[in-house]
Each structure stands twice: as C-alpha cells, then as structure tokens.
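Order of writing sets the chain letters: A, B, C and D. Residues in each chain are counted from 1.
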Amino acid sequence: MSTPEPKTNGAPKIGVYVCHCGVNIAAKVHIAEVIEFAQTLPFVTVAQEYKFMCSDPGQELIQKDLREGRINRVVVASCSPLMHEMTFRRATAEGGQNPFFFQMANIREHVSWVTADGHQATEKAKALIAAAVRRVAFHKPLEKKRVPVHPHVLVVGAGIAGIEAALKIADAGKKVYLVEREPTIGGHMAQFDKCFPTLDCAACILTPKMTQVCVHPNIELMTYSEVESVEPYDLRNFKVKIRRKARFVNEDTCTGCALCADVCPVSVLSEFDEGLGMRKAIYRPFPQAVPNIFTISRRGTPPCQAACSIHQNAQGYITLIAQGKFKEALDVILRDNPLPSICGRICTHPCTVNCTRADVDEPLSIPGLKRFITDLFPNYKLPQPAVERPEKIAIVGSGPAGLMCAYELRQRGFHPVIFEAQPVAGGMLSVGIPAFRLPRDVIKAEIDRLKEIGIEIKTNTPVGTAVTIEQLRKQYAAVFIGIGAHVERKLKVPGEALPNVWGGIEFLRKVNLEGPFKLGKKVLVIGGGNSALDAARTALRCGAEEVTIVYRRTRAEMPADPKEVEAAEEEGAKMLFLTAPKAILGNKETGVTALECLKMKLGAPDASGRPAPEPIPNSEFVLSCDAIIATIGQVPDLASLGGKLGIEMTKWGTFKADELTLETNMPGVFAGGDCVTGPDVVVNAMYAGKKAAISIDRYLNKVDMRAGREHEGPYRTEYAIDTSGTTVQRQIPMPAIELARRRTFDEVHTGYTQELAIAEAKRCLDCGICCDCRLCATICEAKAINYEMKDEIEEIVVGSIILATGFKPFDARRIPRYGYGKYPNVYTALEAERMTNSAGPTSGEIRLRDGSKPKAVGIIHCVGSRDRNYNSYCSRVCCLYSLKLAHLIKERTHAEVYNFYIDMRVPGKAYEEFYDRMLEEGIHFIRGRVAEVTDHAMTPDEEGKLVIRAEDTLIGVIRRIPVDMVVLAVGLEPQADADEVRRKFYISCGSGGFFLERHPKLAPVQTFADGIFIAGACQGPKDIQDTIAQAGATAAEALVLIDRGFVELEPNTAFIQEELCSGCKTCIPLCPFNAISFNAEKSVAVMNEALCKGCGTCVATCPSGAAQQHLFTDEQIYEEIEGVLSYV
Amino acid sequence: MKYLYYPGCSLKGTNRAYEESVLAAFQALAIEVEELEDWNCCGATAYMAVDEMKSFALAARNLALAERQSRADGPTLMAPCSGCYLVLSKTQHYLEEYSEVSRTIDGALQAARLSYSRKVHVRHPLDILINEVGVQTIAQKVRQPLAGLKVACYYGCQIVRPYAAFDDQVNPTTMDRLIRALGAETVDWPLKTRCCGGSLMGTLQEVGVPLSYILVKEAQKRGADVVATACPLCQFNLECYQDKMSQQFKERLQLPVAYFTQLLGLALGVPERRLGLHRLLIPLPYAAKGRGGAHVHA
Amino acid sequence: MSEKSLDLTPQSPSLKGRGSSPPSLGEGAGERSREPRIVAFFCTWCTYTAADLAGMSRMTYAPNARIVRFMCSGRVDPQFVLKAFQEGADGVLIGGCHPGDCHYQAGNYNALRRYTLLKRLLTEMGIEPERLRLEWISASEGDRVQRVMNEMAEKIRQLGPLHLEPAPRHVPAKQLEAVAVGQQGGAR
Amino acid sequence: MSEWQSWPRFRYEAELDLRFPEEVASMPGGRALFACIQCGTCSGTCPLGTYMDYSPRKIIAMTRAGFKDEVLHSFTIWLCASCYACAVECPRKIKITDFMAELKQRAIQEGVDPKRFPTAVLAREFFDAVRKRGRSTESRLVLRLYAKTNPLKILNQARLGLKLLRTGRFSLLAESVQNRQQIDQLLRAVDAAKATTFVDKLAREIRSPREVARV
C-alpha cells in the first residue's frame, strides 16, 4: 500500500497519557497498573498520568514531550472522542506534529462509568489503550478540507424562539428565511395574557418583535408554509424546498381590512381561541396577527357538490340561506344551473346521498332549499352571455339535455337553435312528468328565461321528417342530439294490443298534452320505477277509484324514490309485490277486463345487484281491471330519425357516443342524455348537455376535445368529517297540500317557508369549511381573493438551519378521570389562558359555560406529566403557569383557588418569590395528585358542583373539594409530526420524543447534523426565558459559521488506489452521494473527494481493497482489532 | 362459532340466576355454548390475596382443560363471573410476564398430567355480545323492546380492571350500548366501575354496606328503575343488602338489581322463569312499565 | 510500506496472548470459564453516542465488549468480523442507526445485507451465527446499549469460548468478495 | 398517662427492619415499589381509603422505610377489596393491589390475625373447601365463616337467609369436581415448588381443627 505517498515522521515514538478525570476515571480504573501496562506496549516511549488531561497543564505535558522529541505520536486515554478529540488534536498540532498523529481511548464513558468492578474496568481500559497504540502507529498525516458555508439561514417555526433567533441573525445583517406553518407568527406566546413571573403583558412584549420580523429587510417571512424537503446542496450546505400553502388571498394586495370576514357566512371554532370562540372561514387568527393577511380555510369540494353531476355548489347556497342571504343564494345557484326551479322539484338529488349529515341523522333537503330560493324569486333572470360568436348550433330535442346544452353554448356566445317534435318544449319534463309534481308554468318560466337570453326553440319540428339531419349538418356549425327516450318498452305478453292498455309515457303524455280523461274504475300499473308512481298518482287524479301497482320484486328493490312511494300510498295507491303479468285478458269490445298474474319469489342477485325474481310454478291468479298502464322503461325514438342517420347504435337501441366527448361516429354531431344512456334522471341529462357543449366549443375552436376532462361528472370526496357531538336534528319535512286536494293536478308540495328554510339550512355541517359563495371576492376592494390559487414550491439554499418548531399541549381527553370533554367546566390551561386574555373570547373574564363567575376553582398539576402511563418527564412549566393562572383567577373572580400538586417545582430567578407571594395571597396548595373529578355529590353542598377527590398527603387524609371550575395544567408534548420533521432534517429524537441535542450540557442547541440547531420547546419543555436564551444561542451558532465563512471537514474521505482497482464498478451504485464515477479508458473507479462524505460504504464493499478511507484504513482497523484482543 | 363456557362456583350457587339468564339469552341468539367439563374453582381473588401461586395453578387447570376439550385452535372460554374472568385473564398475563410464575405453574400442571400452551382466549359475555354478535344483530332480534325502562349500567371493577381488554377502564360503554339496543334508556352516572365492597360484605359488613349503599343511592338519584350488573358478587351485594342499607342510613331503598343478561333475555322474549327473574329479591318494575301483561314474581 | 514491516510483537512475553489473562479472566479455571471477549463495531452517529450516553447516565453493564468506532456501520467490512473471530473474539456486535436514520442515507442497509450473508458464511465455517449480532440503537437509547451488552455477554457465556480449528485464515476470496459486495450469489 | 408514653413517639433506625422492603419488592414486578413518588393517587382513588388507618401511599412509604410491624399490623391491608382502581391510576405503574395481597400473605405468615378482619379465616375456609372438592359452595363457606368468627352474625343474617332459601339461591349441597386427585396433585406440586413458603404453615393449621377454631 503506497498511495497516498506516506509522509511519515520516522519510527513511531508513542506517548500514552492516562487521564484521571478527577475521580471519574481514577476511582474505578487502577491508573498505576494501566500506566505500567502501557509502557510495555510497542513503540511507547512515554506513559504518563494526569488529573485532567484536557486542562492546559495536561495539554502542556503532551506538547512538551512532542517538542522535546520524546514522542511523535499521541494516545490520550480519557473521555469520549466526541468530547475532546478536537482538544488533543490541537494540542498535538501545537506540539509540532500533524494533528492526526493522535488517537483517543474512551475509558470514561465506555469504561469507568459503566463498569461495576474495578479490576474489570482496568482490564477493559488496558485493551482500549493497546488498541489505540497499535492504531496510532499506522496513522498518517492528513489535511483538513475547508468548505464554504452559505451565509443564508433558515429558521423553521415562528414562535417566540424562531422570532428571536431570526431577529438576532437579521440584525447582524444576515439573510434569514423564517418559515411558519400557521397563517400568523407568534406561536403559543401570542395566546397568553400575562407572563410568569413578571406578569407583564405577553402581547406588549411580543407584538413589537412580531412587527419587526414583518418589516425587517433581512427577513423573508413565509407564513402558512411548510418545509417540504431538505437535501444536501454540497458537502456542507442545504437545498430546501418550501411549500407555500395556498391561502387563496394574495399576500401582496390584502390590506387586512377585514371586510371579507364580515360578509363571510361560515363560522367555525377558532383554533387560536382553543375552540372557546368562533372565527369565519376567511380569517386572521387574531387582530394583531403578523402578517396582517387573511386566509381562507378550504377543505375541498363538499361531498354534496362532488356527487352532483353538474357540481351545483349546494353548501354555498345553503350556508347563505341559513344567513338569510337569499339573493346571494340565488346567484350561487345560477352559477351552474339554468333550470333550478325544475331541479328543486324533480331532481333525484344524488347530492343528499353523500351528505355528511346522514351520518348523524338525515341528509339536508338540498333540493327543497334550492326550490325555496327559486320560489322566492319567481322572476329571476339568467346571466347574459359575455361574448358573442357567429356560429349557430342545431340542437335536436328540448329536454333537459338539449336545454342545458343550449344554455352552456349560449353562455359561450354561440347561437343554439332547438328543434322539438312535440307542440311544447321541455321533452320528458313536459310530457313525462305530471303537473302535480312539476307545474307547467314552472317549466314554461324556465324555458322563457332561456329564450330571453337568445336561445331559439322550434316546436312541432320533428327532425327526420320536417328537416333532415343532413340539412342541419349543412346549415349549422355543429349538431347535438338529445331526443331522450320516449318509446315504450313492450310487456311482451298476450293481449298487449287490447284497448285501454297504456304505456306509462304514452298515458302521461296524453294527460299532459290533452288534459285528464276517464280511464276506468280499477287501474293496474305495472312496474316499480318513478314513472309507475307518476302513472298511478295521475290515474287517481283521472278519477280511477282503485289503483294497484303491480311489481315483480319487493318494496326494498323498488328503484323509485321512497318518498314518492310514500306519497303514492298516502293518496290511496295500493302495492302488489312479487307479482308479474302473464297475460292480459279481455276483447276488442270490452277492452281489457283482467290481468293474469304469476306469483314470484326472490332468487340470486342479477346484473343490477338486486335479487332476480323467479316465477313460482302454477301460482297463476287473476286481477280484474278496466285499464292497465305498463311502465317498464323506454328506448329512444329511433324510428323518427335514428335509422336514416347513419349514426352508430348500441345493442340496447341507443346512440353510440364517445364517453368523454359525446361525439358520435359522425364528426360535428354529438349526442347525449336518455337517447345515449337510456332512461336516467334529469340532472344526468343536463350533465350530458353541458358536456356536449364543452365538446362543441372545443370542436369549433379546434382544441383537443379530450384533454383534462376526467373530473367532469360526479365523484366521491375523500376526506372524512368528525360528526361526533353533533346534536341529532332530523330533516324538516316540506309542507304539502292536504290529501283531499290530491285528486287535482295542483302541486302537492308547497315548499318551505322562510323560517323552515333557514332552520333546515342551519343543519348543514360546512363540510368544505369555505362554502365558495365568493361574497368575500365581491366585497374585497383590493381584489386580493383568488380561489384558483394553488400550493407553490419555493426552493432556497442555506448554510445553517434553526429548528424552533415548539410543542403541542397534552390532550387532556386521554385522562378520562379528569372529566375533560365530559364536564363543560373542566378547562385546559391553554383555554384558561385565552379566557384571561383581554383580547380573548371572554375579553378577559373568567367565566363558567353558563356565563357566571366561579366561586371555587381547582387547578390540577402534572396532567399527562410525571406519569408513566403518558409522559414520564416533568413538563417544567406547569407549576409556573399554574401559579400565574391561580393569581389571575383569584384577582379577577375572588374565587377560592386550589392548586393540587405532587411537588412544587419553581426554580429560577424571581420564581420562588412568586410562589411565596401566592402562598401569602391565600391560594390553597394541596400536596396530592388528584384521583378524580366527578359530579357525584355525597353531601348537599356538593350538589351541582365538580368534586375533586385527592389525598392531602401532608395531612394524610382524603379530601373531597367541591369547585365550580377545574383547570388542567396539561404538560408539553413534542409536535405530532416531530418524528417526520426530524427525519427531514437528519437529526434524532430523544426518549421523550423531543429533538435530541448534541450534548445535554455542552452542546444543548447543536445537533449531530452539522449546521442544524434547535431552540425552544422542540428540544424539550421549557419556559419563555430559557427559550429566548436558546434562541440567542442558536443565532450565535449560525453567525459563527457565517462569519468564519467555512467549516473544516474531518478528512475521513475515501480514496481509490488505481493500481489495485479492478474496475468492477461495485462501489459506484452504493455511494449515496454519487461521488464515484468510472474512468472508461483507464477502466478504474474515480473518487470525487469533494462529494464524498466519508461513510466508507464503498471501502467495505471493494473486493480488491482498492478503495480506502482516510482515518479508517483497513490496516488501522485491523490493528485496532488485534489491539483490543491480543494483550489482555 | 361455539363458545366454551366457564360458570364458576358462584353461578352454580347463590347466583344461579346469572347462569340461567346467560344460557337462555345466548340460546335465544342462537349462539352455541358448551360448559367446560370438570372445571374447578377459578382461584378467586379472595384466595389470590392469600396464596397467589395456588390461584394461578387452579386457574391454569381450567385453561388447560379448555384447550383439551375444544378442537378449535385457540378456543374462547367465556367467563360471566367477573371474579373468574379476572383471575383467568390475570393468570394468562402472569404466565406471559413472569418466568418464575410460568415455570412453577407448568411444573404443577405437569405433575397433574396436564399442559397448557397459552392458546385460550378468556372473554366476558359482554365482550362477545358487543364485539362478536354486534349491537345491530341484537337490536334486530329484539321482540319486546324495554321501552321506557331507565337502566343504570354497573360494570363493577374486575371486568375492566386491571386489564381493559374490551372496554374503557374509566368510562366503559359496552353494556350501555347493549341495553340501549334493547330499547331501554341508560342513565349516565359516574360510579359505573366503583367498587361495591366485594367480599368485604361477608367479612366486614360495617364497611361493605356503605360502599354498596353509595352505588344504589346514586343510581336511584339519577332516576334509574333498575341497576344492571355483570357480576354475581355485585348483584348480591347491591340487591340483598338493601334492607341493611335502609336500616343503617334511615331511608327506604327498593331498587331492583338485575343481570344485564336477564334484561337481554326479556327483550329477546325469553320466558321470565327461564331467566331466573323469580330469584330476584326486589322484582323488576316491569308490569308497572306496562309491558304486555308480563309480571315478575319475587 | 515502511510501517508494515514494523515488529509489533509486545515486548514482554508475559503480556503476549491469552495465557496471561488475569484471574478474573479465568486463570486456572481454564478456557471453559474464560470471560467472553466481544468486539463491538459501532457507528459514531448513533450507537457510539448512545454508549457515551449510557456512560453519562452511569448505567453499568457487562464489561466484555470492546468498542471500535466507525463513521458508519456501512464501513464494517466482513473481513473485520472474521478478523475479530480469528484474533480470539467470542462474539461480534455491530451497532448502527435505525433504518431510515442513517447519517449517510443508506449505510446501515448495506450493513444489514452483509450481516445476513455473513451469518450464513459463519454457519458454513462452523461458527454459531448467534456469535454475530446486529443492533439498531439511536443516540438516545443508552438504556438499550446496556440491555444489548448484557444480553450479548449472557448469550456468549452460554455458547462458551469460540475455538477456531486452524481457522480458515483466508476465507475463499470468491465468497468473501460476494459477501462484501452483498450479493446473494456469494455465501450459500 | 399511658398515652403520654406512647405518643408522640419517634423511631430509632435500629427499630426498623431494613430487609423488609427488599423482601416485599421480590414479588413479581415488585421493584416498582421504589419508584413511588408519594403522589397519593392510590389513596385518593381507593374506595376504602376513608376506612384505612394508613393510606396506601403511607403503607408504601412505611414499607420502603422498613416499618414492618406497623405495616403488617395495619388494617389497611385487610381492607383492600382488590378493585384495582389504584393500580390502573398509579402514575408509576405500581401494582398496588398485588402489593397489598403480598402484604396480607406476609401478615399471615407472621401469624398476624386481627380479630376484626376474618379475611384470613375466609381464605383458609376457602382453601380448605377447594383443596377438598376443587370447588367452593358460597353458602356453606359463609356459614362456616360466621361459625368461626362470630356465630351471632348468623342470627342477624337470618332474614336474608330465608329470602335466599325461598328464591332457591341458598343451597348447602356441596359442589365438587370429579377428578379431585388431580386438584390435589396440582396444589401439592405448587407446595413442592415452594412458590410461597407459608403454605406449609397454613396447611398445618388446617390439619388441626382446634387451632383453626382458635382464630
């Protein structure tokens, strides 16, 4: 082994120096014996002992021996190298030798402190020293590499620690990035009213610092942002990605005028007030928040809106109705629905299926509320198109699909012309749905509105006869076919052709177009869908005396809306389940006289997932009747145009259209609605119309019709909402006309009154938090609100990072014995802090939930601390803030205040004095951990109180103390995501889960990762004083690095001895830092020492021993191994 | 799923009503139950206090028998008496936790030509009803809802302590959920798991009576018509000593105390004699609550 | 090169080899009761620091292990383990950072891969695989160091001293190479 | 006067038994005893705390300090009803209930049998029954217990007794396992294992009824 060319200092003369470390080592290890042993080791020319080798005289010993040539290599047996290696290397250097002719034996941490038996300790020490001696003989002179430190600093977390550190560094003229995940800086301290022990106002001392941060030229403040990733930029600096979460408010333009919050209809519990107060969906945690910018909490599209195929923003208008803002509600509705008064009546409202409220009791009556608004403004107008375009587009069919398509196209400036075969527009709406569910004037009004905005409708114009599709294609830029499905399916039983046997639609169409007519006394309706019910209820209104619905499955399988079934039964329709028609009896003259039926039973589930009905052999029976209405579904009327069109068909006799674009095989011709899907609900037809409109728009603009359309149409939202604690409050039924009048075609339901509507709307759970009503946008003068805002990733490079991510309070619910969450007047300390805060929810008043003043208050210490069931550590600040709270509560309520403590821990300047003062103020101190807080009264004076049971350990009796209010002094815990964060920053967590410092005493703010420092409660529970001190320390650490401008790296990089390298490339993929490349013509691996961080993985892997690591060469380690084994 | 059933001494004696109602109710729910053959005393807590190791040994024999009797790998042993339930589970835990215990016990078993491979699951009927059968299923099988009946569910100590195997240690809810599924109301009270005095009632009545009194009193105060228990000893202490309480505290106490399984049986429409309702010293206030003519004899 | 030729045999024969083991190390009692010798290869970032922490917390534990410090458990060459056994170690303990915590991202994974292969190799060489142990110990787990040290010592005591038949001073290079590279192909 | 001599009094270290804490802590999980921080949660939680002469917390403190006599003669240990409330609440995870049981066992070993606390008698009766038949029959047990401790009690229990008879809850029919021998082998094996040293003493007492009666 010859490279690098060994600069040797001649034959090794090794000095061994054994440190007593006072008694730390000497008391266990027999120093004299060790020295005697050391002298016998190879090349040892000097073996000395000294009380404290790290002291100046200690180091002087070494230097002297070096200078005077007695030795040229050094072994010190003392503490851990992590402690003093640097010290002794320096000593060696000052003695005139290369500092790396030094090796340390750790005989304190690894020997004297951990070994019970003195003799064994001595033996172990010998072994380690022997190893060090053998090793150092093979040390080589090395040079330290210098790497520049990037002058920018990242501070994570802008509580008091982060603020302090950032200010210090910035004041020193260095650039600081301050990242805070919340919308404001200030952390927990901003929540407090007074500070312990000085009782000065937290706001008064904090807010000035906060504003300084905001205006400081050297601080780049990033609130509502989180560190996404930290990667090595080079050997020493960091490349940090920061996620700027979308706050939907432009930080540069928002003036913090708060007008938006005034108009915002959504109120939620305020996190800043610990849930004791409310805030709006667009909010600023508190008035002095920094930056003074608002933020919108948006959880995402609410389930109702997601489930709706046209994504009608239900939460939006519902929230506004709850606020009595009806006009605004209308605007929200019209944003995405031109037929609201129709949908409000007959839409099957999939929105309610996903309504979160259903988890509690019942979904909201979303359509009912929509209808309420449209009823309230009978003469509302549809928005006029903003642009105009020349193209005309032909739309075949004026059903919901056609109308929606026309509307959407019109809004894009086109000129749609609708061709309708029937005398009235509206398609199935007009002919298929009876007036008592959907009054004709409602349909007419909607269609007139569409006409008003310039949509042309040609009734009595059947395409295929009056005009041919070919003509349309010539005359119009594009064609949309939405002719619905109007042709009856046949029962396919004998006698179907007899007089007075009707198809459901046929029957309804006749009634709807020509008015009611006499049908007969006994009417049978076959089928179980909504149209069966419509037919039955219409038949009743046509004077039938007995109407029976015959269905082959049972009620459970009926596809019809249960509410409708109910209504039909109320009105007198009978149900006959598990019955299927076999033949229709009668003759030309009499017409139908009876229906022969078969009894059915339910079998295995069929394709639709519902159990398939199976006939029961010879179970025939006969129902007499005067008329039969068969409602078993329809198909599109292709006879009229389908056949001649040359448009591709499906085997179900519907048009074939592309799923994404609805384009047919004929370019420029689109089709949607029932004629493509088969009979379906109104909203899906509208969805088809809209989809087609989008396609047509793109088609005419020659834009890709398919791109990015996956999210059109209904979907389920992922996030779950916690509904626990929501009080049950069932849906408010919509008023209806009395049964007597249900023989006319008057609309059955009369709609909500204002009071009912508001009450119903208030049931909404605000799933999306922000309801997207956009009132704030309308009010904001600065035009700062932007709903389209997305998270952004910002990338920065820094040389040092300060973590000040703080703590989270212990969750008192975890100790049910203390009744938090069960008894309303049990508060956490932080809640109490908010109450004492003059700017807080109770403006500084200490109040019970009922608003009255407490007469007695108990403060329970050590909640979640010093408890092996939760956290075994002492949270350190609880005694202090409990004293503060005790004082404030007593001062403001004159209540008796009891402190229940295990041990009072108030070390610190002026702390004990404060305690003394509290004792004199007459606060009660009871030494005993509280066993439980209960409302179980044993004596009259305990009635209606919270009783605290605890042993007064100083008196030695068990006491029951009735109080009105309990304050739980909850402990401090690491942030929930502490582990995730520490991985991001390559540091470790200590046993309590807090970030681990490099050394508990000597390096409390450093970590094992160079250039990463920790300040404040993220390192362990501590009060504001200590936090500030640590923050200052971290700032100093960072400034040291910046000022020196470089760091010296341990020269432990790997190198490759080319002549030995076989070019096997094994090492290359293993290097995590891509420091190794391959030199093809030499066919050897090449090490880029500028990238090598010195882990040595490649060295351990190299089959030919070509890769070596400075300070850890194979021979050095072999020597060490032999050393520990072969002497003792 | 067939469950092995461990009655324990008490359910064969003073508290046979518990056994009767457990078996009847499970039958009504069509759940198969098979008594453990030649079971012996669980080792009872009173005993545990004097010779822990022996009570472990006794419990271990039952566990060993269970393993032998059941073909299933990892059979479930249902123990309705919370005393037995605790001793059996505690034995399980100690066999796991402490090598000296498992060494001694395995030795003892061997001497008795038995062996136990730690496969048995010891479970309380409440656990099985809530977590295996499920509230929904039970609700569906209710024939006569206990409408209007206000029940104070009393769990006692030993089914949730020290091992909260299937419910919260401080505020258990399984029995409440079950009772509500039967159509009855449950009163919210803070003494659900407070000690009734246990065996002290026998050894040191002047202490036992007040302890039970506190419970009966509070249940009454919170408007309960009946206290539902899951433990023979609790039932005995709370019911049978109400005269004593009345004497000692100078107030009339007449609060029925029934096994939760008796209420379950009633709701499922099991005839009252089969539920051992006639063994109650204080009759259920049922006829009063106007349920189909049913009347309970004391 | 020059140092290689240095004579490193200890001066005083009395200090050479094992014979001189002082009483506590089983003199007279002979090999049987000799105190187990364990060599521990610790990563400086976690396990070595944890050992320091154990010291600072004055946790006493079995004195058998001699700790050799590395920058990363990824540096631990299979040769070192074999070397230790050849030089008379009865057990070898490797300590590294918990998975995902490696200061150098993946060194500990390499250590793990080599470890599994090494165990097979040891079995082939007739050395009980239990004599080699790998532990993830983070800088804060001083108590874990204590526990592992004690367990290891106990385990080795049970196994008794390792007697290497004229040990394969040179393990078939082919295999070693494989182990080093951490390929399955190697030791089977 | 006598009060004057006995009260107030202090204790010389020599009077204490410093081995006692170590002995007690030798029970399974017993070392936790030394982790007690005297917070009093156990006392506060204990439903019987109010009846005790020393609160559980004090018992632990006294045990640790070696106040063997006071501890073993205290009423506290006999009052524990094994409800485990203290054990689950203890912030130091001390198995206080088991600890009380341990103290009862030791008290019995030391022959402490406070007249007013027949727990020991109950236990022996129980033990007797179970050893003989593998099962216990409460009614018999109770009767024997009263017979042994305070026959008069039976009288004021009579009304309850009658009620129980009427409802068929009171049966003197002795329950028993078939394989009695197995039970015997089992328990003997435990004795043999010397798991608990006082068992022999207990067994001896049971062999001579007179001794038992004397309790």
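Here, contacts are C-beta pairs under 8 Å (C-beta built on N, C-alpha and C of every residue); 3 or more make two chains touch, one makes a residue touch a chain.
The shown structure was predicted, so the numbers you read here are calculated from the model rather than taken from an experiment.
Peer 1: Go through A-C and A-B and name the pair with more C-beta contacts between its chains.
Peer 2: Per the contact counts, A-C leads.
Peer 1: Whole-Å distance, chain A centre to chain C centre, using C-alpha means?
Peer 2: Comparing mean C-alpha positions, chain C is 47 Å from chain A.
Peer 1: Using mean CA coordinates as chain centres, what's the chain A-chain B distance in Å?
Peer 2: 44
Peer 1: How far is the middle of chain A from the middle of chain D, if each middle is the mean of its Cα atoms, in Å?
Peer 2: Centres of chain A and chain D (C-alpha means) sit 56 Å apart.
Peer 1: Could you tell me which residues belong to chain C and also touch two or more other chains?
Peer 2: Where chain C is concerned, no single residue meets two or more other chains.
Peer 1: Residues of chain A that touch two or more other chains: which are they?
Peer 2: 817
Peer 1: What are the residue numbers in chain D that touch two or more other chains?
Peer 2: none
Peer 1: Looking at which chains touch, is this a line, ring, star, complete or other?
Peer 2: Shape of the chain contacts: other, as it matches none of the listed patterns.
Peer 1: Applying that definition of touch, give me each pair of chains that meets it.
Peer 2: All touching pairs, sorted by chain label, are A-B, A-C, A-D, B-D.
Peer 1: Touching residues of chain D toward chain B in the complex: what are they?
Peer 2: 28-29, 47-48, 51, 78-85, 87-88, 95, 97-98, 100-102, 104-105, 108, 116-120, 122-124, 126-127, 130, 134-139, 142, 145, 153, 159-160, 163-164, 167-171, 175, 177-179, 182-183, 185-190, 192-193, 195-196, 199, 202
Peer 1: Okay, in this complex, where on chain A does chain D touch?
Peer 2: So the residues of chain A in touch with chain D come to 817, 862, 866-869, 902-903, 927-932, 949-953, 956, 958.
Peer 1: Using the touch definition up top, name the residues of chain C that touch chain A in the complex.
Peer 2: 1-4, 6-12, 15-17, 20-22, 24-25, 37, 39, 44-46, 48-49, 51-52, 54-56, 58-61, 63, 66-72, 74-80, 83-84, 87-89, 100-101, 103-107, 110, 114, 138-141, 146, 176-177, 180-182
Peer 1: Hey, which residues of chain B end up touching chain D in the complex?
Peer 2: The touching residues are 9-10, 12-17, 38-41, 44-54, 57-58, 61, 94, 97-98, 100-101, 104-105, 107-114, 157-158, 161-162, 164, 169, 193-195, 197-200, 202-205, 207, 211, 240-241, 243, 278-281, 298.
Peer 1: Which positions of chain A touch chain B when the two form their complex?
Peer 2: 816-817, 822, 934-936, 938
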